[in-house]
Amino acid sequence: MDKDIIEHLERLALVSFIPEEREKLVGELDKIIEMFNLINSVENLDKWEPLYHVHDIPLTLREDDAVGERDPERSMLKDNAILVEGYVKAPKTMVK
Amino acid sequence: MSSSSEVKIGLEIHVQLTSLKTKLFCSTPSDYRGEEPNTYVCPVCLGLPGTLPVVNKKAIEYAIAVSLALNCEINDKLVFVRKHYFYPDLPKNYQISQYNGPGFSSIAKNGYVRIFVDGKTKIVRIRRINIEEDPGKIHYIGGIEISPYSLVDYNRSGIALLEIVTEPDIENPKEARAFLDKLTAILEYLGVTDTSREGAFRVDANISIAGSSRVEVKNIGSIKEVEKALTYEIIRQKNIVERGGEVKRETRHWDSSKGVTVPLRSKEFEEDYRYFPDPDLPPMVITKEFTDTIAKKMPELPDARIERFMNQYSLDEYRATVLVLIKWLADFFEDCAKMYNNYKKLADLLITDFLRWIKEFDLSPRELKVQPLHIVKLLQYLDKGIVSIKMVKESLPKIVKEGIDIDKLVAEGYTKLDDETAIEKIAREVIIENPKAVRDAIENPKALNFLIGMVMKKTRGRADPNKTVEIIKKLLEEMRNRS
Amino acid sequence: MLMDFIGIPMYKLLEEFSSNPDLVIEYLTKLYDRIARVEEKVKAFITLRSLNDVLSEVESLVKIKKMSRNRMSLFGVAIAIKDNISTKGLRTTCASRMLENYVPPYDATVIAKLKAEGAVIIGKTNMDEFAMGSTTETSAFFTTRNPWDLTRSPGGSSGGSAAALAAGETTIALGSDTGGSIRNPAAFTATFGLKPTYGLVSRYGLIAYASSLDQIGPMARNTDDLALLLNSIAGYDHRDSTSVNIPLPDYYRAMYEMYYREPRLRIAIARELFEYSEEYVKNVAYKAVDMLCSFHECDEVNIPYARHSVAAYYIISMAEASSNLARYDGVRYGLKVVFDNKNWIDVYRDVRTKGFGYEVKKRIALGVYILSSGYWDMYYLKALKFRRMLKEEFDKIFKKFNAIVSPTMPILPPKLGELIADPIKMYYSDVNTVIANLIGAPAISIPIGFANSLPVGLQVMVKHFNEVTALYLSKFIEDKLKLHDLTALV
């Protein structure tokens, strides 16, 4: 796993590693990938269907008629977001 | 020169299921339009840490109804998948949707829509239908370029959307228009959405011309804009090819105020959405019983209604199609047809002048003052000869706008004027009042029209046109002989 | 009347409070005295509510109890909550700078249940950041110490809850378990911890790490308390689509019924999981096994893919974590930076770099790697196939056996700084616990002794929804070894 891949992952995940962290990461990564690769040494694994949910339960279906509450006081956002005239302030999206 | 078969257009439509009362994954009310920002939200549609989605049963029923109406194959399992990308309007920085992979796929695929354009029937295939959540809405201070930051309203976040993607079977803007008209009609007949609501119907288009790269055009705000945007883009691409250039594969943005497509900043790297089945939502098995129950509840759809109109009212496909695709108009037609059986005459009036005045006055079909009976009576009077065609055209705007009863007008004297003596009396008045026009008419027989028009004006269109012409000619002849 | 409440079991407290509700005030005051004396050394709490706040809340609670004779099954009992469970109006940080000042506007379902049962939430406990870790050392704020040896880790990621229990700072606690995060610290602190069957306890309000593996679970100082607490938090929740809708037993009653019946069970000894353990741990564990097997019928079983399970666990959990943590960008909640005139990609990256610690960033990056189009089939899909295979293997074992036992952890509580310096060793230390999460089965950690004065736990894993059997075996062992309600001298 080399520096390029780490940079690519930083871009996809939108995180950055500081130089010391990157050093550490490069050191650990080979062993972690080696651990991941254990999975490829299991015999006949391709015969199996993937297990996405551990129980076979039906999907909960919610009735549309049970209408919930509005939030006129903006209680869901006012203590944790920056509000400007009721809108949530976010970084600009126009990229020049 | 290039033939139309060189152009390939595929459409990607996002429809909000506005008939639902709540959002797709939470019970927050869905009628957010016009409300204060960020007041139609809850922990789930804001993606607050620790929250989980619970799917709206009716949304799934609607999705299946639409899939059936579009002749799709419905998957035996509904699997929700996470689609990852970072954007301020997407609270979880992933959207819950569907995708194709091992053990999961779209809710429906391989359907088709029949369209009737330029006298011919054509099939536009549907590639897939997905059910997914809408993101919030981003606003800007000033314009998008000068805004130092964005302002986000999450009221729309979590609203149920259907994504309908076609194969690139469409070959010109007119077909695109016909397809979208048909699709909106189908959706309206199903009652799952009101496509006229702001933002409820969004279209992206993929256009390529013979062999060249595909260009995606986004941000087409309405069906009317679609024809314009497609026309522009096709010409743009053809110009490039004719000059010997290569069309770049990119995403462009339709600017309706300038009437052009502009490139969106091209990304440096491919978007990897990292799809995987959402572990918070077990799959839903879609049984035949479930689908059948929905199929049974489906109303008469446009294709069936068009066929019925053709059989029941002996209308040709063109007239039947125009009526049916405008549901309220077809309903109005059928209400009239209960009382009046010259269906072709009725259809013609409704499709032409009637519809034109509705649009001209910007009347809401839901709040019409004019009733089917008004139109029926008008036509009955026409048939009986009590009013003339010209009078129908002249009185129609008022009838349409205000719902005036023709009986009343007729009682007040609004009938066809056949009486030659009466016409002559008015003609003489007109001649006296317009000496210059008379001199022109004597010299040049073609200049009669002004005088005829004045007679019509004075009689509010009631004077029989042929008799009027004869009488004026006669009077002018008299004057010529005297002088 | 009990004068000294330190370490008194909940089931005893409930009896006292039932006849004299006012005792709650004395109990809580004494508890806070204890906290004041030891917390500086243990550092179990990220947020500790003030005694005043707690007492004024209790005042109304006591009134209700007196008036209505309301059967509040946890009335007046202090509970410490792991800081990844949403508490309305009370800061919930996940031990991360990203959520350092996040105050949830809603309660997790389990919190609403606890409040309805009259429990008194005294504070939020320390953990590994976003539950990613096995020692509570990845917490962005500080490290919690093992009350049994302050130079050592209490385990993780629910280290704060376990330490608070062991130090007598709380009577009961909640933790969460994704790969062993309840059982690991329970084993390291001589306390009891249960990871319930997946879907038994609602995850609504649990700040997600790996959605298909996470469960909230009870932590306590004895089996009775554990069972009573499980009763309060288990149950179907329509807000959680992975929540299972089946009728549930009264775990406390059912456990006692079984306990009095004294059934002889068939117990599987997980051979590899013993073999992978350190000598000291093995010795204590085998002694406990001998005791168990002198009454119950035991047999050894092969656990063929134990180390592969660790790989599968990390592949799946890192993938899901990268997705669950995508939402943290500081816009709707969380760490704020100044961002005027900066575009969102740069701002998000800045917030996430400042907000997340190294271990979290690493797992997110690896998760993105695993889910990216080139590697999806190679790792993620494979891991899910492995998961199905593993589940079927264990279904077979559970057809023949009532329980599978092993040491909870293959090592003794590590010195602070020791395990965190060797990430691979740290990951593999989960080898005994991850299986239960992968297959969704319940598993409990029971104190069975000390080695070098350090706690050792035994893990009992049972089949889906069979918590009663696990509780019975816990009671059985507790009865014989008397290693319950232990309070460390801090």
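So that you can tell them apart, the chains are marked A, B and C in the order they are listed, and the count of residues begins at 1 in each.
By our rule, contacts are C-beta pairs under 8 Å (C-beta built on N, C-alpha and C of every residue); 3 or more make two chains touch, one makes a residue touch a chain.
Note that this is a predicted model, so its numbers are computed, not measured.
> Kindly work out which chain lies most centrally, taking the average of its C-alpha atoms as its position.
Answer by centroid distance: A.
> Between B-C and A-B, which chain pair is linked by the larger number of C-beta contacts?
Answer by contact count: A-B.
> Taking each chain's centre as its mean C-alpha position, how far apart are chain A and chain C in Å?
About 23 Å, centre to centre.
> State, to the nearest whole Å, the distance from the C-alpha centre of chain B to the C-alpha centre of chain C.
57
> For chain A versus chain B, what separation do you get between their C-alpha means, in angstrom?
Chain centres of chain A and chain B, defined by C-alpha means, are spaced 40 Å apart.
> Can you list the residues of chain B that touch 2 or more other chains?
Correct list: 43, 46, 48, 54-55, 86-88, 102, 148-150, 152, 154, 272, 274, 279, 281-282.
> Do you know which chain A residues sit against two or more other chains?
Expected reply: 12, 14, 49-50, 52-53, 55, 57, 59-60, 62, 76-77, 88-95.
> Where in chain C do residues touch two or more other chains at once?
Only 102, 105-106, 212, 238, 241-242, 322, 329, 331-333, 339, 341, 344-345, 348, 368, 372, 381 qualify.
> Touching residues of chain A toward chain C in the complex: what are they?
5-6, 9-10, 12-17, 21, 24-25, 28, 31-32, 35-42, 45-46, 48-55, 57, 59-60, 62, 75-77, 79-82, 88-95
> What part of chain B is in contact with chain A in the complex they form?
It comes out as residues 20-22, 26-29, 35-43, 46, 48, 54-60, 78-79, 86-88, 102-103, 138-140, 144-145, 147-154, 265, 269, 272, 274, 277, 279, 281-285.
> Spell out the part of chain B that touches chain C in their complex, as residue ranges.
Contact set of chain B toward chain C: 43, 46-55, 82, 84, 86-88, 91-94, 102, 148-150, 152, 154, 272, 274, 276, 279-282.
> Mind listing the chain A positions that touch chain B in their complex?
It is residues 11-12, 14, 49-50, 52-53, 55, 57-72, 74, 76-77, 83-96 of chain A that touch chain B.
> Under the definition above, what is the set of chain C residues touching chain A in their complex?
102-103, 105-106, 198-199, 212, 238, 241-245, 305, 307-308, 310-312, 314-315, 322, 329, 331-334, 336, 339, 341-349, 352-353, 356, 358, 361-362, 364-370, 372, 378-379, 381-389, 391, 423-424, 427-428, 439-440, 464
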